[in-house]
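Below: the structure, in structure tokens.
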Amino acid sequence: MRIRMGMAGGGEGAFIGEIHRAAARLDGEIELVCGAFSSSPQVSRRTGAKLGLAPERVYGSWEHLLAEEALLPADSRMEFLCIVTPNDLHFPIAVRALEAGFHVLSDKPATRTLAEARQLAGVIARTRRCYALTHTYLGYPMVAEARVRVLNGDIGAVRRLQVDYSQGWLSQRLETQGNRQALWRTDPERAGAGGSIGDIGVHAFNLAEYVSGLQVTQLCCELGVTVPGRKLDDQAAAFLSFDNGARGTLTASQVSAGAENDLTLRIHGETGGFVWSHRDPNSLHLLSPAGVHRILRAGSDMTDLHPDTRALCRTPAGHPEGFIEAFANLYRAFLADIRSSAEAPGACASGARPTSPATASAAVRGMSFIDAMIRSNAAGQRWVALEC
Amino acid sequence: MRIRMGMAGGGEGAFIGEIHRAAARLDGEIELVCGAFSSSPQVSRRTGAKLGLAPERVYGSWEHLLAEEALLPADSRMEFLCIVTPNDLHFPIAVRALEAGFHVLSDKPATRTLAEARQLAGVIARTRRCYALTHTYLGYPMVAEARVRVLNGDIGAVRRLQVDYSQGWLSQRLETQGNRQALWRTDPERAGAGGSIGDIGVHAFNLAEYVSGLQVTQLCCELGVTVPGRKLDDQAAAFLSFDNGARGTLTASQVSAGAENDLTLRIHGETGGFVWSHRDPNSLHLLSPAGVHRILRAGSDMTDLHPDTRALCRTPAGHPEGFIEAFANLYRAFLADIRSSAEAPGACASGARPTSPATASAAVRGMSFIDAMIRSNAAGQRWVALEC
Amino acid sequence: MRIRMGMAGGGEGAFIGEIHRAAARLDGEIELVCGAFSSSPQVSRRTGAKLGLAPERVYGSWEHLLAEEALLPADSRMEFLCIVTPNDLHFPIAVRALEAGFHVLSDKPATRTLAEARQLAGVIARTRRCYALTHTYLGYPMVAEARVRVLNGDIGAVRRLQVDYSQGWLSQRLETQGNRQALWRTDPERAGAGGSIGDIGVHAFNLAEYVSGLQVTQLCCELGVTVPGRKLDDQAAAFLSFDNGARGTLTASQVSAGAENDLTLRIHGETGGFVWSHRDPNSLHLLSPAGVHRILRAGSDMTDLHPDTRALCRTPAGHPEGFIEAFANLYRAFLADIRSSAEAPGACASGARPTSPATASAAVRGMSFIDAMIRSNAAGQRWVALEC
Amino acid sequence: MRIRMGMAGGGEGAFIGEIHRAAARLDGEIELVCGAFSSSPQVSRRTGAKLGLAPERVYGSWEHLLAEEALLPADSRMEFLCIVTPNDLHFPIAVRALEAGFHVLSDKPATRTLAEARQLAGVIARTRRCYALTHTYLGYPMVAEARVRVLNGDIGAVRRLQVDYSQGWLSQRLETQGNRQALWRTDPERAGAGGSIGDIGVHAFNLAEYVSGLQVTQLCCELGVTVPGRKLDDQAAAFLSFDNGARGTLTASQVSAGAENDLTLRIHGETGGFVWSHRDPNSLHLLSPAGVHRILRAGSDMTDLHPDTRALCRTPAGHPEGFIEAFANLYRAFLADIRSSAEAPGACASGARPTSPATASAAVRGMSFIDAMIRSNAAGQRWVALEC
């Protein structure tokens, strides 16, 4: 049986909404049954029509969607809500959807503030509904493999981690030139207090904690507002201190003119290191002293990969998989959570798997990161502890 | 309205069947409504059940499928049949499906012999149904861009072309070790007279003609049977002569131990060259004298790409797209053909677009290539003309 | 006429001494005429004999070398001294050599302290002798090209710079295992107050200022001592503030297990960026918005390069040049300085060329950097100004 | 004691002469003592003066050089002659030099015809002088490592080999535009009967036999003359048959517009493969089934390399070495031959080492290759045996 999905946001012109829908379709396990695709009822209706939804399941607002769907019979109403609105709505919609009994899959960042994230975590725990954040990069097989191998001790205790996320698209002040993506991302009211750190830095942070299996305890951050007239940070750098004593750096930029969407993680332990880059996501570089440099490659047939990693591959080695497949892997894990939850509410067990996607705790961690980055910067690059 | 697809082949354990289904699902424009997924009715039923098909639309044989679907009302019966069986069935199923009024999307090679391919072309012309071959690599945006630019004269008249397709998976005699993929591919009864040339060489040939916009007129080929006991070629090499006088080489191997699925095209004209490799499919290298080396990158936002190329991209630059997306692009083009055909039967216009996928003529060309390769080799590496 | 060189340091077992000699030999413009190759007279003699030097020109100490060479006739005594000792001797030897009338080519860091560096600069100015530091990476043609193009405004005003220098060889505590290279580099008495920052961080700093044409005004640094028992930093990270308002980060590590000698610079301006990596030193990546990614390639025949860059290439494009050739380019520039100085003492004009190597001011800048890094770290990651 | 070298050819404007000299200087083991640098005595004198040679050791012709040097005392006359003239003079000079008692290091191809090559081999054997050909690519450490490992059985019996050498510089008819390099290379009188095959194809052939440890027994070749008006081949392709039954292809082109000097070897055996490319010469890719892809890296400290390979590295891993260093490795091996020959004339033992450079037998093999390529092409792409 396919799982029934509803969607909040993702109307015409939104980039990520269509990615979500494609990812949801890929494995044929999900059916989009309803949506409130835009704050404009007209846009919402037009989007729904294009998607072939029944007109009565296309709503003019997310409040309406939640209210109406809850009234439908259990075997036809949506089972989970996918939230792909601008940042400011992630939290209120998620809370209301959970309270209404729906599972929630949300874009990051989960909320606008750390306080909201804690509140959200409370709601998740209380409602015993499944919740996941689409930290896309966790869906790449070779990211999962890196995590499995680091946890397995393949490179010894982690000593040094460097994560960099560089984009160039905000090098110009697009927000004054009619670019809607730029508009809300640079507006503190809609994006939250973080600019580049909320949009991409939090992905880098999430990746760093995921692969290392460590937690950042303290950080020291410098935020930069590069383009004249902009209100939020468009570049950022931080020193990171991990709970095992390892050190790290995190850098993020949306003003690296000419960069695309370049996320790179380098992690070094006592006896080796891993390098993964979004430019070549199906490769994982394993470095060892004395010149042993291996390239581990994604593929359903790669017997040297962990079985969980192989299961994230839809094709044998040599058949490139990409962003949409990574996204679809997050959906897969979320569906597994929903299914196990159906048998034992609150059992959303994905967190127990080594290759789990981001769940409630990641929502709090992410907001705690953004909060700490802003506090550290405001204090003139002082070390601050992550509060969570 | 979604287009209704049926499927012949693609039961459990088949690699390419699930790729087809994922690609068909990706854009949400196609609904799989029926199938005869295996020569074993039991396997067919089990596959259909897993896919959530209505039991009455899951058939025990493709003959049955064609007969029964034809009896259904026009607004519910399948509109096109996707053929993903072993090679020997491509032709008979395609002919029968076309005759029954269905459009056909078929895996390559189209037939087992050149004579069959010509016969097929006749059927296509007569029935005025849409027909396409899934030469996957034509679905990659940067392959399309290479074609557009070559046709546009960006590198001057083509002088030299090298295409290589290397795999390593048949380095061992898997066909005696229970590997079903290997079994039929190395069996002349099922694969046809070509081994590596039918399985991958024909892709390389198709890519070469597509990007260059040229036709191979003659070739001189050496086939190799490397693994003891094997009956069909598992490696091949050929000199190619193109209709504009350009020279080329085509090499294919399934015994390049350690290779994955590595297809590379290099094409050089009077004033520059293009290099494209499946290892990094979202990049296209443009080489020019005096050291100008550009990397053109796929992306829906890349304004330096041809609009048709951009339309093949689902994401902005920096978000890797891969094999399934390329496949889905073939489906997209086929759907466009079907839709235009509905207005004007026989209008299957994809061939008129610079970024069209492979159609009926490609079926004949491909079989003509295989035929010529075998004739040239049998004659002790003599030049032979492609007959078509 | 070949220029006569003497050498202090570089006895058996020293890595960099033989690199210097190879670089000095490469263009046939330099003759090694004398040396004090080791603090052990016996090792010095043995090294000199292997090098084919006249026994009377092989000295047991650098003091002896300076004293004796000064007594030789002007047309036979050494003209410049190459200093390749451990760090602690760079300063005293350089000062004494300059005072004795010899030009000096020194390994970095120039001195152990900033005060010494200032003192050295005074001696250079007073003696009007030529002085250069072997910041090797400045000798790579594509580094020079990057500088020329940044200064030319090709990427607009610089906004963001990231430089990373990663090695892995000190991941283990080699200094207690008889490794002489590790021994002095981890000993504050010999290496100075900086560990990784003095050994490699200063190269990264030098490269950043060279290519950007900017000066770091302030920095905020964290130093790490990773390997238990070690006294000096073996990893470092810093935020950089440039005199035009640009921001940057500098990271250096000798405990990135499995890394080789990986130096990478990324510099982004308003309208584009450059990326250069020591892994592929003959390529320079030029990134621009809208997907224009060019690879500029080194080569004496590359007409799109600046003439000064082409002059640094000994071969046409496609013939890899490497570390020794980069070193030899520093020697070339130094020889040009010596020759111009012969006509007009004190004219050491290399600083006036866009592709000049590191000179006296670089010595002060480098020590100022190390000094600031240590002060900032000692203050608990406070911003400090570079004093110079 | 340094070995005394003379040089025939290499006057102003010659590319390879200066490369030879730089390579000869690099290790400080060779002294250039004399030369006949050009057919123009004036150019020869000017070149010699620039190189700082004694005027009486700069000759107006190679005949004069041989005659005069032979009259000098044994401890001052040149010990070996380096021949870097256009192709047509390689043979006569080599024979005369050997007859006069000098060792010979010659550019390839050794002669203009196979008959000459056999004659040359006879002279070498009779005179018991050392002879080597500068097949540059054999001097790269990772090429040597590939050979050692293939001979060691690391990839099992070789089954398939592909070698490609692509350049683009002759895409235009430079020979009519005053380009001297192009002029003699496209003139049958001076270059010999092979164009691209003599200039670069023979390097590819040599590399293939060297790394595989196999001999080509038969080949089937197509030569192309691409640029209108040119007399000699500027592109070539061949099927190769090896003495163990392995198959291969060799392709060479000087009209691949935009290509630099791109030589790539792929060799696959029963259990794996090696890939080496001149673009990244310090890496050797080892491919194995099940996704094991290792990058072996050059470096004097790489303990996983064969000791002979490490000895070819002047620097630790991460310090790029290139074309000149590869050349210098050929000189090193030749010097070792000369030294062993001094003790036991005719002992030129380099051929006995796994990492030996090309010697007399390579001269004959190379000419036999060129001869066979031309015969096969002339016969309309028939298989012909290599005669030697």
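Letters A, B, C and D mark the chains in the order given here, with residues in each chain numbered from 1 onward.
Operating definition for what follows: a contact is a pair of C-beta atoms (placed from the backbone, for glycine too) under 8 Å apart; a residue touches a chain by one contact, two chains touch by 3 or more.
In this text, all values refer to a predicted model and were calculated from it rather than measured experimentally.
Both chain B and chain C are touched by A, D. Of all chains, the one whose mean C-alpha position sits at the greatest distance from that of chain C is B. If you average the CA atoms of chain A and of chain C, the two centres end up 43 Å from each other.
Per-chain Cα centroids separate chain A from chain B by 35 Å.
Averaging Cα coordinates per chain places chain A and chain D 55 Å apart. Within chain C, contacts with two or more other chains are made by residues 169, 259, 291-293, 297, 299, 301, 317. Across the complex, chain D is touched by residues 290-297, 299, 301-305, 317 of chain A.
Contacts from chain C toward chain D in the complex involve residues 1-2, 15, 18-19, 21-22, 25-28, 51-52, 167, 169, 259-262, 278-281, 297, 299, 301, 314-325. Interface residues of chain C facing chain A in the complex, by the touch rule stated above, are 155-156, 159-160, 162, 164, 166, 168-169, 171-172, 220, 222, 224, 226, 235, 237, 239, 247, 249, 251, 253, 255-259, 266, 268-273, 286-289, 291-293, 380-383.
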